[in-house]
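In the two assemblies presented below, subunit A is common to both, partnered first by subunit B and then by subunit C.
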Partner chain A sequence: MKKQLLIFPSIVFFFILLVFFYLLIIDRDPTELPSVLIEKKAPRFEAESLLDDKKFISTEEFANKTVIVNFFATWCKPCREEHPYIKRLSNTKGIKIIGINYKDNPQRTIKWLKELGNPYSNIAIDSNGQIGIDWGVYGLPETFVVNAEGIIKYRHVGPITKKVYNNFYSKVIANRE
Partner chain B sequence: MSASVGNFSLWLSLCFAIFQFLISRKKNNRSVLKFNKIAVNGLLLCVLVSFFSLMYSHVISDFSVVNVFQNSHTTKPLLYKISGVWGNHEGSMLLWILVLTIFNYFIYKLYNQKNFTFISKSLEIQAIITIGFLLFTIFTSNPFERMIPAQVNGLGFNPLLQDPALAIHPPLLYIGYVGFSAAFSFSIAAMSINTEEKISWYSYIKPFVLTAWTFLSAGIAFGSIWAYYELGWGGWWFWDPVENASFMPWLLGTALVHSLIAVEKKKSLQSWVLLLSILAFLLSVIGTFLVRSGILTSVHTFALDPARGIYILVFITLLGGYSLILFGIKSKNFLNKHYFSFFSREGSILVNNVLMITVCASVFLGTIYPLLVEAFSNNKISVGEPYFNSTTIPIMIPAILVMGIGPILSWNRGDATKIFGKSFPSILLTTVISIIFFCVYRPYNMLGLVGIILAFWIISNILLTLVPQLILKNKKFIQDNIPKYSNGMIIAHLGIGLLILGITGSSIWQKEKITRMKVNDKTEIHNYNIIFKEINKITGQNYLALQGNFWVYNKKKNIIAELKPENRFYPVANNSTTEVSIHTNLLRDLYIVLGEGDINEGWVVRIYYNPLVIWIWIGAFMIFLGGLFSIKSNLKFIKRLTL
Partner chain C sequence: MIKTFSLSVLIIVITILFSKTTIYSVEPEEFLQNSKQELKARNISKNVRCLVCQNQSIDESAAPLAKDLRILIRKKVKEGHTENEIYKFLTDRYGDFILLKPPLKRITFMLWFLPFVFLAIGIFILSWHHKKSKKKLPHI
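For the complex of A and B:
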């Protein structure tokens, strides 16, 4: 009995290695955070709109169309980095992009958008971060894909850079009507 | 130019390593000795040349080298240009290989008439390890990669790494990790060669394990010091995966150092030592894998590159598969029916071994548990401090109790009733000191009290072993009747006692205050009044900083310290760091961090009162010192072996 036990370390070892191999081979981003909101209705909110004088009412915005919700701020450097990619996404047919301007200065945001271009069809002002709390925002920038039924299908934490753009884009296309 | 030289000699060292592998397999004594001399020396020389050419490229800021461009800048101070060599993934692999070849050289030096097959086999295994790491470095992380055109200046560096403690932290750690490779090779060799050849392989392993363990202890300590002074979070240990990756081999090393004593004295526990030697090195490499593959996220993660991960993993599979299967087949030859009493010195060593392995296993489980969960359920979870504290502390408590009593037990025979008699003085002393401590500080905290008692338990046991040697003048009587203890053991165990004191004090009775302060605001923490006197702009060599000036008063309204924490901005790296300011004495640290803020709103100031922190560093230093003493006495032994 005792002698058979000697082979035990190698069995445990190979088991652990198998797990490591599996995790390395599958397409996986260790920094990715799942959201409890996935497959749930997008949280409702009302806020000031940055672009026009009307109130921003989420139920009006999230209807009939796939929506990309992008939390951003002018103080956030990675947001500037991902901005060209957000603009590229805005050229996609059949979707619209909603910006949530998180804890920011409206004047500065308008200047920022004039300088870099505006990919957003509407922007909600989240001056005290309440919308961010409701959506479980972890850190800026953060981007959600909401389908035409208003269900959150995908969440990306961090900037949408060259590296992750294609992956993100495929998620958008998959959820387009 | 220097980069080309470095690259060339890296390739050349690969040739030498392959040469060493092929030669060590030959059976002809004389030619093996002659050619191995060429192989081992050539390997060492080439790796040295590679290493110093990379260092030269960093020092002269040769931005045609990608590695220098990505990790350096002309404004970086010279010391950090040098330490910058191993402050990145590629360079640190080169340092790893350098340490590996140095150990390789020392193994070669052990050749004599009697141990030819054993050392040759060890050198063969060592060559395999070296080849593996050289291939990895050359093909997936070559530090000499060039870029055209050369850049005018580098991208900068991580300002957090600009710290003297961090400059020596990796080399010390690597001596530790890589030192275990020698133990690994020796134990493979011991299992592979004919067991008829009576070779005391454990005596070969011991000095290497001691060296690895001693330097690993120092490396971990410097890492903690860096975390404490540089990160500004008020703590010195965070159960980060990378910290765990260094802590696990340390635990196995601790078990190994002690069971090697039992093997030497009693020839028992041999297969156990073989297994520990294999696991200690495998865990060191798995630690590297976890850090470098990006499979886990950690504050230390260098580079997210799955190709590197796959490479190391394949390497680990071969290395671990071969060694563990060999162990499964061969180690039964090392089992013996030599059972011993629970209440003997070797019994206490075995108990402590088992406890160390248990701690190691629970740390390992906690580190990879998020990965297991993700592999099987696709959920992400995070395992943190509460898990590690609640699993390791309860196992550590009996381990420390046994550690106190172990050295005073005698080998072989055990008598439970005598133990009580023997340990009675130290129980008494511990009780007295603990009561005094309690009366002075009134620490109403169970865990804190347990920690303090354990610390004094170790300290009083050690002090009491010294007493007979100090009082009794009769040398003859001492030699015959009093057990002799090595200086290394006494110093290192005392160090552990002080370490526990420091750990307990700083983790149980830490006080934290986070407040927003404007100039001339006052605050207080544990009997100290702190006034924010002024704030100044200062300019460093490659940074700009805001420096706060805090005056600390005690209860008698005497000023005891002026603390000047800084909030630094490094323009090149576009990165801010906080420089902590600390006032230390033997009883406590006062620790101030200057956070974000401005002149109108005030600044966020974090103040910590950290009791007994200095004893952690003193304890760690004594452990290191004790280790050095033990290495010294074991080197004498190995010299005798090579004669």
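For the complex of A and C:
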């Protein structure tokens, strides 16, 4: 009886080992946080618009159409890396892409967009990072999918690369009217 | 000789472990004029996680987002918001993860009380074992 009991700790040990091994091999980023804003209304804000003299008013932008909201900056290297994929997303019918230029230099951003192409229908300037805080942004780039009712349906932290593009695209299509 | 040496090492280790480290990242221009408000902002900042470094509070972190949040907290303190209002503002945007001390909720119930349950189980097993071994002792 006593000897049989001795097997028990080793079984527990192997079970723990298995769990750790599983967590090691699955594709996950432990620093990635779930957004608390999922299924909630997109935060309202007003800001300067980078592309024209009119004010950027969020309630006018988030209406009747699925919107991809992309927080980006020219100082952010992964943003440059994901830019071709943002451009590819902009070809999707029935959606529009809004850029939020996070703590950046407007002149530099305009130059950056001239060089790489502009997939955004409008760009809000977040000069002090306040819009970012309201959206729970903690690292650039971050991209949100907001449906036609103005509800946040999905958030992706980090660049949209070849690896994650299809998954992200499927989330966009699923929330398109 | 060895005994005094190991004792002094132990004392040094304990002093290091329990000494209050004062590594702050608050920059001079961030300080509030009103020391009472500054202290309040300070205490809140110590319980707010820096989401970039994740194991530091924003009070200790030099990350730009931590600085933004420190300034935001100070602004809210100045405007007269209560501690709970400020925590709510932050958790509404970043979730409970932003608090270094998880709040007591139904979902975190296990987190708070499981250690006590394990302690009770441990005490039970120990006393049970103790009783059993006592029985085995031959009577003299």
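Everything that follows uses one rule, which is that the second predicted complex is superposed on the first by the 151 of 177 C-alpha atoms of A that agree within 3 Å, B and C clash if a C-alpha of one lies under 4 Å from a C-alpha of the other, contacts with A are read in each partner's own complex, and residues count from 1 in each chain.
FYI, a contact is a pair of C-beta atoms (placed from the backbone, for glycine too) under 8 Å apart; a residue touches a chain by one contact, two chains touch by 3 or more.
None of the values given here were measured: they were computed from a predicted structure.
Student: More residues of subunit A in touch with subunit C or with subunit B?
Tutor: Counting contacted residues of subunit A, the larger count belongs to B.
Student: Looking at the overlay, what does A:Val36 touch: subunit B (first), subunit C (second), both, or neither?
Tutor: A:Val36 contacts subunit C only, not subunit B.
Student: Identify the partner contact of A:Tyr138: answer first if only subunit B is touched, second if only subunit C is, both if each is, neither if none is.
Tutor: A:Tyr138: touches subunit C, not subunit B.
Student: May I ask you to decide whether A:Leu24 touches subunit B, subunit C, both, or neither, giving the answer as first, second, both or neither?
Tutor: first
Student: Is A:Gly129 contacted by the first partner subunit B, the second partner subunit C, both or neither?
Tutor: After superposing on A, A:Gly129 lies in contact with subunit C but is clear of subunit B.
Student: Name the contact category of A:Leu6: first (subunit B only), second (subunit C only), both, or neither.
Tutor: In the superposed model, A:Leu6 contacts subunit B only, not subunit C.
Student: In the superposed arrangement, does A:Ile16 touch subunit B (first), subunit C (second), both or neither?
Tutor: first
Student: Which residues of subunit A are in contact with subunit B in one complex and with subunit C in the other?
Tutor: Residues common to the subunit A contacts of subunit C and of subunit B are 31, 33-34, listed in rising order.
Student: Inside the complex, what are the residues of subunit A that reach subunit C?
Tutor: Going through subunit A, the ones touching subunit C are 31, 33-37, 103, 128-130, 133-136, 138-139.
Student: Along subunit C, where are the residues that touch subunit A in the complex?
Tutor: 51-52, 54, 64-65, 68-69, 72, 91-95, 97
Student: Looking at the complex, which residues from subunit B come into contact with subunit A?
Tutor: Touching subunit A: residues 271, 275, 278-279, 282, 289, 293-297, 304, 306, 309-310, 313, 316-317, 320-321, 324-325, 327-328, 331-332, 335, 368, 371-372, 374-375, 379-380 of subunit B.
Student: Within their complex, state which residues of subunit A touch subunit B.
Tutor: Interface residues on subunit A, with respect to subunit B: 2-3, 6-7, 9-10, 13-14, 16-17, 19-25, 28, 30-34.
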